[in-house]
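Read through the structures below before going on.
One chain, chain A, appears in both complexes that follow, with chain B as partner in the first and chain C in the second.
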Partner chain A sequence: MDEDKFALVEKVMKDVDNVMMKNAELCAFDIVPVEANFQNKSPVLHLENCLGLESWCVKHVYMYCYSELMDKYFAKPKRKAQKPSSVNAERLTRLLNITLLINPELNSLWNKRREMVLNCFLQKSSELQFSKLVLSRKPKCNDAFAYRRWLLKEIFKDSTLQSNHINSLANDEIYVCDLASDKSANNYHSWNHRIWIINLLKKCKNFDVQFLFIKEYDFSERWLAKHVSDYSCFHYRQFCIENIFLVSVERWSTFDNHINGYNRRSLIKTLGNNFPKDITVQASEADLLTYSDESLVNLLLSYSNKKCNCTVDNVLLCRKIEVLFHELDLNSELLRFYKYHEAMWYHRRFIVHKLISIMYDHFGINRQNGSLVKSSCGKCNLDATSERNAKIVRYDGNRIYSCVLFNVLMNYEKVFIDERRIDGDNYADRHEKYLRFIEGLNNVM
Partner chain B sequence: MVKVYALLVLYKGVNSGTVLKSAYDLQSFSFFQRSSVQEFMMFVSKTMVERTQAASRQSFKEGEYMLHVYVRADNLAGVLISDHEYPNRVAHTLITKILDEFTAAVPASNWATADEASVDFPLLPQYLARYQNPKEADALTKIQSELDETKIILHDTIKAVLERGEKLDDMVAKSESLTMHSKLFYKTARKTNSCCNF
Partner chain C sequence: MTYSGRNKFEISRFSGEDDNHINKKLPKELLLKILSYLDVVSLCRCAQVSKLWNILALDGSNWQRIDLFEFQRDVEGPVIENISQRCGGFLRQLSLRGCESIADGSMKTLAQSCPNIEDLNLNKCKKVTDQTCQALGRRCNKLQRINLDSCPSITDISLKALADGCPLLTHVNVSWCQSITENGVEALARECPKLKSFICRGCKNVNDRAVSCLATYCPNLEVLNVQGCDSLTDESISRLGPAMRRLCVSGCTRLTDASLSALAARSPDLVTLELALCSQLTDAGFQALAKSCRLLERMDLEECVLITDATLVHLAMGCPRLEKLTLSHCELITDYGIKQLSMSPCAAEHLTVLGLDNCPLVTDDALEHLTSCHNLQLIELYDCQLVTRNAIRKLRNHLPNIKVHAYFAPVTPPVAGGATRPRYCRCCNII
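And now, the complex of A and B:
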């Protein structure tokens, strides 16, 4: 009986190996529930680039392969264990393949693969393919993602890497993340991996990372419209927004032309709707559209009371405000449509916090322990240390609370909170509390 | 995730429901599971239509799925299977819309005797594709108009409409419309779902 089983397992291993060798396009692996072997057929299924294993044989196959691995290759003490060599490489690969496909959460086995890659018994490119196959069944498997990161680090050590090769690696990686995020909601590991790959590409000389920033910014917007409570993706979106601020002026204007200056127009519209009534702002919406970045920032934030002579990049500042207000609009729209989703409200906190920090920054103010203090200029450290922690006089605080941008933001939030509250959304109250007590706006709201 | 998995039009006969037309989007399921999932969705839809009174709407939450059922007074029924983030209002408006168009396309006299092969209603897959993003589709077709007066009854689980002592597991085991493969798939899915997941 046992001998029958061994023969069966050997056959299964051979079949799986054959499929993997022959079909380079293999894209998915799964275990198919079948109670017993009714027909005398191989339990290895191969259909439309998908590899399947019938469930009745999984137990036998796994036990057999796992114990052989442990007995021969992970034996203790270590000197007794076989090292990967040209003699056993093929056998070892087969065992590792099938065991990891069935149970990918075994770090020792992944480490054995790493050892084999370093000794050139395994190809890096085929290893990327294999880990993708593992992820098709277990999209939240961190060991597989970690292995990919290790592989990519090894690949990127080669400084002669051609730019088209980097491009295809980047595309593949992003594609794998897409699949994993789609398969499993709130997939922390896949979004984290995506952030990792982009951070890796930032350091790469032969790669146009700014284009990727814009692409990912656009992608995350579309993704979030359909995955409204994917909090991991909201975190990724925040990463994308920070990246967008790093894009050069020329690059951004191309994108801006592409979306037809949409962001600017919607910002102006929001401004028009929320201008504080007591301050008579002369400009109408049509006028505002003709404003340059410079004068728009001057209108919104008035003058700064920084003492140093560092120049402020008003073009970038204007872009930040545009992008964040666009985000705020987007968030309001989704909240109106889908209602009562906590993740979206938390994202809103991020946006508001970002906008307020921009203002603090502009006025050279810091918030420490709930009170406003003067901060030194980040660029030149001009401010004398004696002045640094001095509490600011009320007048300086009022300056930020009376600037147009701040009032527009507060009005926008107030109107939105009231609207949501009427609709019965309890998170609206919580958002208001957040603004009052965490952002410390209790006195001005 | 906001997703519609299936749209079905059924006829609620005296004893049982028959499927007149159906469309599925099962890309997110593993290749080997798709046929079982499809069979299952059909089975559950039929069962739920049988347990919904004429001229009423119900929505069931079951695991990560939502099942929206509307049976009209003339026994024509529509089912939409989505995840639980799909807005209820849009789901029910869409069902109403589809049933209206179905009535226009297929004469009522055929409903009782027709089956999936004989009904010609190519609009269903189009709707399924378009309503994957309800926000865009809603803006496009302007179905903002309020839903008719029929109240939607919301159930937290399918169990709510089962009779006393009746269990979904037993119904699955007894069912003749499900293949062995699908029954086994159901059992395994039950088992895997019961373990904790992060």
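And now, the complex of A and C:
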């Protein structure tokens, strides 16, 4: 009877192998819950580009393959274990395939695959395909993601890589992340992998990473509108925002034209609604729209008492403020629509923190242990002056608290917190406390 | 007997020092004789016993037949060079199957020092190229069998060199050497008339002319395997001669009934015939075949989709020695055909393996007929969806040793200790 069972398992393995050989486009694998089979029918299902295995055979197949792998290829002591060679490569691949499809959380087996890739028994491209198949069933499998990272590192070692090849690799990788994020909510691994691949592409010479930055910025905005609780994606969004600051001016202006200067207009609208009453300069929204980046920054931040000679990139500064205010607006809108979601409130903390630190930076101030300290300019390192001037910090602090941008931000936050509080959102109180005590704005709110 | 490697003086010196009883009682010749029965591992162990035994165990005469497959496969070039120097002219048979690191350099040394080699197996030695075969052709004129399976760098040049230098060749295997073409095969066929076995699975460039040459110049050809050579047609297959015993033309999809008729007429002694994927074959061809090839024992008819019960009737009547029959994916086969087969003379005594997987029309009745095949040891029933578990159980009752391959889940023995605590009815308890 046991022999018949083994024959059955061998046949199932062969069937799976056949499907994988015949269909290189295989995109999904899953175990289909069929507890008992009354028909003499193959448990290997192949429909369109999907592969399925009926659950009744899984136990037998897994036990058989796993024990053969462990007995022959992972035997102890190590010298008794068979090494991958052309004699056993095919068999080993077959065993690894099916065992990893059923249970991908076996790092030793992934390592064996790595060994086989290094010995050229497995193709890197087909391995990417295989790990994708694994991820289609277990989108949170870190081992599979780690294997992909390893493969890509190996591929990118080749410096003669064509740019269209890089493009297709990048697209594939982003696509795999999309699928994995889609299949499983809050998929830390897939978003983390996405960050990794973008960081890898940053170092790549013949790849247009700035275009990707913009694309991902746009994508994460759309994704978050649909998945308001995906905290992993919020983290990714923050990564995208940091990246968008690195985009060149030309690239940014084409993107800005593409969205019709929407960011600028919404910033100005927010400014108009929240201008402090006592301000001497009165400008209408129509006027503000005609302002250049330079003069807008001058209006909002008015004064920089940096002692150093570094030039301030007002265009970039303006872009940062625009982007962050757009983010703030977006966040408010989502919070009004999908109430009481903690993840979004935390994202708001990030935005406010970022805005405030931009201001600190602009005024050459640091926050240390809850008090404001004069900082040295990172670029020209004027330590001596900064120490001598450390005393006038309070004065500088007041400078910040009286600048237009700060007042607009505070007003905006106060109005929003009140509005949410009336709606019964407990997180509004917590947000206020965060601003007061963590950001140290207790005395100005 | 000559002591290769070291001289007699050395032996007498060490045997004088050695005062072990066994060495005193037994003459060196007998010791050598005993050692000659040992395998590689034991010989190496004996070589570590004493200086005298070291010389005796490593004597070339003990190393006439070497197979490193089970012993060690990741050997490097120097190992082969040592072996060839030690064995010298003694070496008759060497198998380096799966020794991937072996390259041309060490093989040239081997060819130089071991001119008497008769059987060389280089299966999966991927680094080996034509230079090896050229060296073999120059030096090893006694070579009879060579296996170059899965050596992708081998080309026609190798076959020409072997053909020129080794006229005694009987067995040649060049499977999966994709660069082999008709020219190499023709040269081989012309120069090696003693050829008995030629295997070239997966060599897509082997065509009608190649096989025709083999058929014409090698009258003793008994074994021919041209699996996957899909350009072959009836023209060459129908030239094969009467010596033919085992023929594999699986995957030669252009073959038609004409081939079968020709084989029936010209090669009546066929024992094994593999015809998988030859989907143009029909009942008519098998009728002719079954009439004259009465010695057939093994037949593979996988995916010969046109054949029907009629073929089984002819085989049942014509081939009384049939042992192994594969009918996978022959979708027209029904219970009637199986019944005819089971009533034939071959069924009761010889039939041991029957492949019926993916024959959708086969039902439980077929298994009932097969109960009369006493010798049946294995039956494949994958995906025969009309066959039930019950019928298989009945078949097992009649033939207790049979292996049945089907997609049914293995039955797990009923869980013992399933009888748990007595069940109380709550409501009754309250009352």
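We adopt the following convention: the second predicted complex is superposed on the first by the 437 of 445 C-alpha atoms of A that agree within 3 Å, B and C clash if a C-alpha of one lies under 4 Å from a C-alpha of the other, contacts with A are read in each partner's own complex, and residues count from 1 in each chain.
One rule holds in what follows: contacts are C-beta pairs under 8 Å (C-beta built on N, C-alpha and C of every residue); 3 or more make two chains touch, one makes a residue touch a chain.
Just so it is clear, the model here is predicted, and its values are computed rather than measured.
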> Does the chain A-based superposition show chain B and chain C clashing or fitting?
Replying inline: fit
> With the two structures laid over each other on chain A, which partner does A:D230 touch: chain B (first), chain C (second), both, or neither?
Replying inline: first
> Is A:Y338 touching the first partner chain B, the second partner chain C, both, or neither of them?
Replying inline: first
>> Under the stated touch criterion, which partner chain does A:K41 make contact with: chain B (first), chain C (second), both, or neither?
In response: second
> Is A:H60 in contact with chain B, with chain C, with both, or with neither (first, second, both, neither)?
Replying inline: second
> If you stack the two complexes on chain A, which partner ends up touching A:K5: first (chain B), second (chain C), both, or neither?
Replying inline: second
>> Between chain B and chain C, whom does A:D30 touch in the aligned arrangement: first, second, both, or neither?
In response: first
> Now for A:P77: first (chain B), second (chain C), both, or neither, which partner does it touch?
Replying inline: neither
> Touching A:G424, do we find chain B (first), chain C (second), both, or neither?
Replying inline: neither
> Which partner, chain B or chain C, is in contact with more residues of chain A?
Replying inline: B
> In Å, how small is the closest CA gap from chain B to chain C once the two complexes are overlaid?
Replying inline: 13
> Both chain B and chain C contact which residues of chain A?
Replying inline: none
> Any idea which chain B residues touch chain A in the complex?
Replying inline: 1-3, 28, 30-33, 85, 87, 132-135, 138, 180-181, 184-185, 187-188, 198
> What residues on chain A touch chain B, complex-wise?
Replying inline: 28, 30, 32-35, 45, 47-48, 50, 52, 55, 136-137, 140, 182-183, 185, 225-230, 333-334, 337-339, 341
> Mind pulling up the chain A residues that touch chain C in the complex?
Replying inline: 1, 3-5, 7-8, 11, 36-43, 56-57, 60, 83, 85-87
>> Taking the touch rule as given, give the residues of chain C at its contact with chain A in the complex, in rising order.
In response: 73-74, 97-98, 100, 124, 126, 150, 381-385, 387-389, 403-411
